[in-house]
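Presented below are the structures under discussion, each in the form of structure tokens.
Common to both upcoming complexes is chain A, partnered first by chain B, then by chain C.
Then we have the complex of A and B:
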């Protein structure tokens, strides 16, 4: 029955025990990493079909037949694109009227712009979560890398700061992280926020670009919550309508989250 | 008899434990991994239906701009407003709601409300009733408010008073639904030179009635037998599936009493043109399979098609009707 000598049997068993203990420790750390840090949802493989977003198109179609103020929206838009400004077109109230119109639909995040020869000449912004004297900042629970705190102009909650995207100003502050751009230049590698037992996310009103290029103390790529970035990450859809009058070319763009 | 060495036994156990643990670990990892595939068919149906309805010239003046008169006409096509017109889906029934977001129409007297009553309730000079002051009687008037602005109200035939533009029609489940999903879409309602902002709500429903009616349609048009698994949770046993309605445009589920005294269905769906034989649902178990057969005769029983499978319509045949049977044979 005894094929090997006893000392060799004991030695091999001890080696096996050490290997097993190492495996147990590894499994423990994998469990901590996967289930506790990343959340249990990461253990599921999910296949999601591309969602269809038709609401921005529906809103634009309604706008095409709506009269705001004294004229149809499209009539005002063509005149703005042709003359180069809302004032010149006698449509200075259009941004405010558009804002009221979008409020009726309960649309919280939108951006409507009229461009003339690719230059923006008018816009109506939902300004949701915006702050600062010229709405240049976002209310947030943490400014993080690449942003500096400014006066909120009374637009944020008492527990929020008004954070303006300004990499240069941030770099000149003390105790900061190096500014490393990511996401094709859209974002900055940031510290983010890490609630207990949940995934690390970007600070409030910043977008997680989703790239894996950030490491170390700033492991998450966060970008400002602008219209372009919202569209880039698939949170919003932009509808473009050409505005043509003689040789003038304009465009009406409606972005809705 | 060989004597067992205790040290050898102990080392055997020590070596076996890791192997067993490894197998258990692999099982845990295997069973904790979950593949989650969601095709979100109902959600996509609702979105596609919204595109289809907002493009229908029978309902709209322009894309996404609904015409009040066309909506009223559509509503009036069925006294119970149980109708799915201009765009349908066999698998799911749907209910369409269109409601203005513009708020009430202010007024100082009933005459200010004539246009509103015409647009919102379809009341013209022959049907409008403003014979009493206020809105206690009649079907159109100016509601006088002690605090706040007066506003117009009107009443559709058989409906309640409404102070805004509102239409609704479609399939409403009468029994337990298998699944349901609702979504809202921004649309407009034609009002003179402008469009009033409105919301369109589409509620999709999957139920036994939608399933069985769809089986009939698929079997008849595809000339194939169609089987589904049933669950008596979602249908009353002994229910009778039969065509009904004013012009035979609806299919309904009746309680067993249909063949005796009761004649009111407990659930109906607008589903014209597909012929089928009356079917009494009498399962022997709570779950099982039921099949719809396209048949070449205008009448046959389940035993007939078991005895003679030639009765089942094939690709080159013209089906006369559809026969439902419990089970999956032949």
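Then we have the complex of A and C:
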């Protein structure tokens, strides 16, 4: 009985197998299309969006009513913007006080700046993932195109290098890729890293600008993880508060990731 | 039959399985489509929320920043008001030098207590800040309303209200002040109105401004207020200074009226001890009734001279001694300190609020027309300038023996081993009352012989 029906069963089983394989392939491509290429970043972005957008404002609101040292933060900020110097305003401790303040709220990546007539006169930088004698580099698993390794000053893990953005110095090294700027000059076409079953990303503590202008062996546009670039790619939001006194104009900027 | 049953069954099973898988795939596709749509719509909603959040938060944060602007401005105007002695000598020009609350011109007669018609003279102004031009002494006597007027003038005329307007790009947001108040420079200031209130232990200010904040299609138009309170005893310090001025006037009058306590008496050891007494009285007046939490310090300079042409309206030339003091009183708060904007040094420095004022007077110390006190027959009265009996009042004139009294006519200054001469008219007048005796200047001072 079974022997008689075997040829048809094998045919149907093969058809079923082909269909199953096709469906698995389709599901895999859907997964790739939706989650890896677009969906994962956007859905993650959507979930994190409220936090990213709200946090700087919430922190600045708290700062507006916080006394650090012997004065309100905004009072000190206005006086720093007016004199053009934290020392002249008698507020030399403000950057350190701001760092302590941000620790309380568990904020690891931030940049607070006071500008006088568009010129920065004071800043408080989280220096998260920074390295080097003057925090001029970033700890990374790979320096990649446009960066050179410098002494980490003891700030990086043993498996990381301290990489400083320096296109000129990189170009003078041997066995390098050509330096091709991208992302409106913010980034450099880089090799990046390609984990298994994941899309290619920039090396650690570099930002993927997201443009499609890079090709070949350096297909991804990577930029330094600066405050401006973080804001440009939507990883951080900057809050701006005018600081007025007489005809002096300054601005307090708080960027938080 | 069996094989047909067998084959139809296999096809049916396979077809059913494929159908189920296709249905599953369709549902999976629909699910992914919906999830993706949900993500997209959530992002759009979040972007809209973000715009509203940015508009609302920028508005609120700017208003909070503005509150600190007004705090700093109010503090600076209080500093300036105290440092400039509430404008005494500045906005009362031609009457007093800057910083003076009390100044007597030694070349003019001191005002009497009544005018020519016998009516009391308004020596301390009843309502005005300063007394009438030409009064002697000239007095600045700021009351609470004058302090408030000066504070307001500082705020309006020192650019504290002239803030940058508009601000076109504050992180993409445009901010502007509307309906500003005209300030004394004629410019349109940022603030629509402000109120000041002077209390015993603080100065309160309330600033009101009309703000327009625009971001994208969103716009906020609102009238906001900032209430500021600066802890200071300025009002009490000014009241203490006013009281000091009134008492300095009484002290000057007492000297003028030869009140015994203020006179240079024959028993005074020397000029230094007399000046020390005058200094103590002035110091006691300046430091009395100082409010708690305020430190009063004084710098009092005194000097004495014989009456001459430079002070002839205090005591007639040659007829006595004039004592002069210049006192600077500084009231410094010890409990409160704010940051002072030193414009020249471009710094903000923590310091207390201060009130400083100056008083200067020339007063009769010794009027020889009053000495000797009624006596029969009249005799010269000896005083001590530097040492015993080195100075006498005789027939209304002052004579010195072997000592230099600034301003004294040489004809009234004798040297050791000389005596009064009839040929010198001031000395002759003295000799006339001595009934044949004369005064000799000896190493031990004047001696009657």
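The working rule: the second predicted complex is superposed on the first by the 205 of 257 C-alpha atoms of A that agree within 3 Å, B and C clash if a C-alpha of one lies under 4 Å from a C-alpha of the other, contacts with A are read in each partner's own complex, and residues count from 1 in each chain.
The rule is short, and it goes like this: a contact is a pair of C-beta atoms (placed from the backbone, for glycine too) under 8 Å apart; a residue touches a chain by one contact, two chains touch by 3 or more.
This one's a predicted model, so the numbers in the text were calculated from it and none came from an experiment.
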>> Per the contact definition in the header, classify A:83: touching chain B only (first), chain C only (second), both, or neither.
In response: second
> Given the touch rule stated above, what does A:239 touch, chain B (first), chain C (second), both, or neither?
Replying inline: second
> If you stack the two complexes on chain A, which partner ends up touching A:54: first (chain B), second (chain C), both, or neither?
Replying inline: both
> Which of the two partners, first being chain B and second being chain C, lies in contact with A:67: first, second, both, or neither?
Replying inline: first
> Of chain B and chain C, which one contacts the greater number of residues in chain A?
Replying inline: C
> Is A:119 touching the first partner chain B, the second partner chain C, both, or neither of them?
Replying inline: neither
>> With both complexes overlaid on chain A, does A:17 touch chain B (first), chain C (second), both or neither?
In response: first
> Is A:168 contacted by the first partner chain B, the second partner chain C, both or neither?
Replying inline: neither
> Looking at the overlay, does A:249 come into contact with chain B only (first), chain C only (second), both, or neither?
Replying inline: second
> Touch check for A:105: first (chain B), second (chain C), both, or neither?
Replying inline: first
> Same chain A residues contacting chain B and chain C, which ones?
Replying inline: 1, 9, 13, 16, 19-20, 23, 27, 43, 45-46, 49, 54, 61, 64-65, 72
> So in the complex, which bits of chain A are touching chain B?
Replying inline: 1-2, 6, 9-10, 13, 16-17, 19-20, 23, 27, 43-49, 51-52, 54-55, 58-59, 61-62, 64-67, 72, 101, 104-105, 107
> Can you name the residues of chain B that touch chain A in the complex?
Replying inline: 2, 5, 7-8, 11, 14-15, 18, 21-22, 25, 32-40, 43-44, 47-48, 50-51, 54, 61-65, 101-102, 185-188, 190, 193-195, 197, 199
> What residues of chain C sit close enough to touch chain A in their complex?
Replying inline: 2-3, 6-7, 10-11, 13-14, 17-18, 21, 25, 28-29, 32, 35-36, 39-40, 42-43, 46, 49-50, 53-54, 57-58, 60-62, 64-69, 71-73, 158-160, 162-164, 167, 170-171, 173, 175, 190, 339, 341, 346-350
>> Using the touch definition from the top, list the residues of chain A that touch chain C in their complex.
In response: 1, 4-5, 8-9, 12-13, 15-16, 19-20, 23, 26-27, 30, 34, 39, 42-43, 45-46, 49-50, 53-54, 57, 60-61, 64-65, 70-72, 74-75, 77-79, 82-84, 88-91, 237-249, 251-253
